[in-house]
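Structures follow.
The following pair of complexes shares a single chain, subunit A, combined with subunit B in the former and subunit C in the latter.
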Partner chain A sequence: MRAYKPKGNVQAKPYYTDRYWQAPQVAKFDVESDEVFAADLAAIKAKFEVSDAFIQVEQMTVWINPSDIYGVLELMKDELEYTQLSEMSAIDFLEQRDEFEIFYQMLSMNKRKRIRIKFSIKNGQAVDSVSNLFRCADWSEREMFDMFGIEANGHPFMKRILMPYDWQGYPLLKTYPLEGDEFAAWYEVDKIYGKEARDVIGPEIRDTARIDRYDSERFARLGHEVPFGMDPDKEENKDKAQSYQEDGGVFLIKKLDKESSVVIDDPQR
Partner chain B sequence: MAQHKINYTQDGGLPVALTSIDKIANWGRSNSLWALTYGLACCGIEMMASGASRYDFDRFGTIFRASPRQADVMIVAGTLTKKHAEFIKRLYDQMTEPRWVISMGSCANTGGMFNTYATVQGADRIIPVDLYLPGCAPRPETLQYGVMLLQKKIRANKAGNAQKAKRLM
Partner chain C sequence: MAQVKNRLTPFFENITFDREDNELILNFGPQHPSSHGQLRLMLHLQQEQIVKAHPDIGYLHRGMEKMAENMIYNEFMPTTDRMDYVASSSNNYGFALSVEKLVGLEVPRRAKVIRMMLLEINRLMSHLFWLATTALDIGAMTIFLFAFREREYLMDIIEGYCGARLTHAAIRIGGVPLDIQDSFIAQLKTFLDKLPANIKDYEDLLDTNRIWLMRMEEVGTIPTDMALSWGCTGPMLRASGVAWDIRKEEPYELYDEVEFNVPWSDKGDNFARYRIYMEEMRESAKILYQTIDMYQECVKNGQTELMAHAPQYISAPKLDIMTQNYSLMQHFVLVTQGMRPPVGEVYVATESPKGELGFFINSQGGAYPYRLKLRAPSFWHTGILTDLLPGHYIPDVVSIIGTTNIVFGEVDR
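Coming up: the complex of A and B.
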């Protein structure tokens, strides 16, 4: 019997498997160490439940409940001067914790500070759309839906943005293979020619190191085009190397004369 | 009255050139290869450079057209994504026959470095390709040389025989 391999994360490669090795952690600092962040956190805590908050690399991360996200961002935009949503997306932690991490990266130009709002949801759960507050969230939430399958409630146009509308699967999930599943492998053939064309067109060639032993015959050397199967290196074939024009030349077109042609060596001419 | 005089006996005869149907038809086809502007990625920049003044495609009779109905040759210049695959087929079908396809660069030939779920692994999975140009991206000289080779291929056709329609399947 074949040994069982876990298929939860098919992209994971064990580059380093020391059993005592621990991944380095970015140092976390107390929020009270920064006055501006402490005031912001107090304002958020006054209205919403905050499960965790800390400072990492001079940015504050605030963990909240999924249902509070619209209210928190509204508060931050209207009262705390965090007027820009730099980016938002999801991170796949389905294998480790069976949940997605959703993050919203906020920027205040007045305070010159960045805050990251985070919460986690279960697989299949939807988030509240914030595209009414920040127009840029419109496309970001569509991309999140396209890549992870996380829907945003209240979004005006909840459709795929990068992949075609009839695509199946969510490519940024850890369980999605980089070279595509079977649907992806046959997508264009199925769509254009139909499934019965699979046998005619054949599977994709994904082996980058593949060498076809006929390639040296099929592809001519530049400037030494010879008929199919002829070896241009052999002495008797030396004068059979063809130029791109016929021997007699073509009507109205001057034939290239290699002796009288000039090779321009200076690239800066 | 015209003041100039035509000397019909000069240069050995009348201003008439004799040729065969094959040659005149292939001459017309091969020396006015109008190409579809089809830059999909960075190879498109090299294709534009080929058309611009330094390399000057116009002197080969290759003029870029913005409509597939006016084009003879489709230069697939760049990465062909799976989302775009149906449109390259539609554009190819809109070109009138005889039509030719040049696959320009690694991405259009084999998918190139994009060994991913979203990239078509070679344009010849969708449409029949006449000429593959190597390079990432090929220089304008390569594209010009490829067009010359395509001209040579066209000149080898027999005009009397109706061209066999190229179909992938």
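Coming up: the complex of A and C.
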């Protein structure tokens, strides 16, 4: 039986962590320590429910209810002079508590202050679109949908933006492996050549730095490279070796002499 | 292998090409030379006039945010080079600064001065590149050759510093890896002394050039509220009447110690943006002169440190690693396992040549960032084309894309 590996988070993990190690925290400060932030928070609190607020690395974070997001951003834009939405996206906490954290990074140029509005939504829940308030949210929400599968209610054009239109899966989820899933491995083969070519071409290896160390057939046969799928040891293929060097040679680069290069047959040598 | 029929068919979303209303749909790009990378625009045309524009991006998407979640902090540094590859040190710097803020590192003064030099050289390189390519799109071949010539000097200086011309990776978390080479300041001074004459050459060729003015003046006008709403930053915003420069308003490094102006305009058209790029080059030169003085002061005061001292996060200097056992152990742990910043969130914005380059990091205390969001200015400078292009004519598209100064390594990430 194969060993069980948790699938909730397949991203890279450190190979060793001290069992007594406790992660330190970035210092959080009270909102009252900054006058401008305190006034802004009071204005938000007057109309909406705020579950938590603190200052971290010179910026205020305000936790609100998911349903209030449009109202809060409208208030901030119209009354509190936060005229720009710098950035918004999601953070995947599905493995820990089946939730996404959504953040909206706001900037006030008059006050020279930045506020981060945050809330959590359950898996499968949608957020309210703010693209009526800030046009840039149009593209940000599309990107969030593309990467996490979180839809925005009331968005004019909820389509993928970075990945192909017919892509399956959401790449920034923690459950999605870095090198892509089964769909990704066959996407281009299926689309360009058709499913029946799968046997001939094989799945796409998306890790370009990958070296198959057991492949003693094609790897490191300088001067004797053959096209993919061709057996280099067969007699009729001997003269079909590909050459990657210009005939005349290149300045400063030594021309490879094929006769003097050796093919090592025994990898265990 | 048997010959297999190519099944790659174009895929058009919600678009019918048989139309009764005399509207033509033009597919601009993704391989158009003036689209500055891989931009595809679906343009709905009434004769020559654009009635609807639909930018389609993602052709250069490499999933950098995903890669960041699978790399230790130092490992990700060279990857940031590939965002805005025209000015890669600015990306290195934005990432380094955000991690430093998360961890709470204080960078030595000499390293700060060197970083500022690199940042401003990168700004000059980026603006020269912008000028060259935009002028080429509009048909001014001479400017292209002139500006690339000047950019070449800067690339040589950078190459002398870090060995690379485009993908520098010249900045580390906590400082810079190397002191500048002996010839750096002399070369830089030679360049800066010539630069005003060079900029004047460009302006002589362009400022009163009839073709240039026709493509630039009153074309691509962005009103202030539209620029703010679309998240425009940098020269795009400053050309639309908001004098907002993060170097001035939220100073990082030693930008509060140097003297420079923030050029801005309330016109909002292509020509205003062009003027701002030219003026910013002059301001960058002004800053560079001041950083040279600051550097020489550091040398005089004997400030030789280049990396922050924080054994938990930053490796000790090479001498210590080679002579002291404990430094070597720490270095080994930091290289193999990576630094572990505290649990928390940080968003740090820096003024890259294109605009506000922001890094949002959510750290859960691990060696890998739990979530890293790259806020690239070009992303929204591309998005604004949706609202900006309608009403313009086909020839204006090229000049508008040019003056938005978008780089697709940054748009798609």
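Just so we're on the same page, the second predicted complex is superposed on the first by the 200 of 269 C-alpha atoms of A that agree within 3 Å, B and C clash if a C-alpha of one lies under 4 Å from a C-alpha of the other, contacts with A are read in each partner's own complex, and residues count from 1 in each chain.
Rule of thumb we're sticking to: a residue touches a chain if its C-beta (ideal position, glycine included) is under 8 Å from a C-beta of that chain, and two chains touch if they have at least 3 such contacts.
Just so we're clear, the structure is a prediction, and the values are computed from it rather than from any experiment.
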In the superposed arrangement, which partner chain does A:I205 touch: subunit B (first), subunit C (second), both, or neither? first
Subunit A residues touched by each partner, larger count belonging to subunit B or subunit C: C
Kindly classify A:M163 by the partners it touches after superposition: subunit B alone (first), subunit C alone (second), both, or neither? both
Which holds for A:R112: it touches subunit B only (first), subunit C only (second), both, or neither? second
Which partner does A:A39 contact after superposing on A: first (subunit B), second (subunit C), both, neither? neither
Which of the two partners, first being subunit B and second being subunit C, lies in contact with A:I192: first, second, both, or neither? both
Contacts on subunit A seen with subunit B and repeated with subunit C across the two complexes: 163-164, 171, 176, 178, 191-193, 197, 200
Spell out the residues on subunit A that touch subunit B in their complex, using ranges where they run on. 163-164, 171, 176-181, 184, 187-189, 191-193, 197, 200-201, 204-206, 208, 219, 222, 225, 244-246, 250-253
Provide the residue numbers of subunit B that touch subunit A in the complex, in ascending order. 17, 19, 23-24, 27, 30-31, 82-83, 85-86, 89, 110-111, 115-118, 120-122, 125-126, 132, 145, 148-149, 151-152, 155, 168-169
Sites on subunit A touched by subunit C in the complex: 11-16, 23-26, 28, 56-57, 59, 61, 83-87, 89, 91-92, 103, 105, 107, 109, 112, 114, 116, 134-136, 138-139, 147, 159-166, 171-172, 174, 176, 178, 191-194, 197, 200, 229
Can you check the complex and tell me which residues of subunit C touch subunit A? 1-2, 4-8, 11, 13, 57-58, 61, 63, 65-67, 69-71, 101-102, 104, 226, 228-231, 242, 244, 249-250, 337-338, 340-349, 356, 358, 360, 362-368, 370-371, 373, 375, 379-380, 383-384, 386-387, 412-413
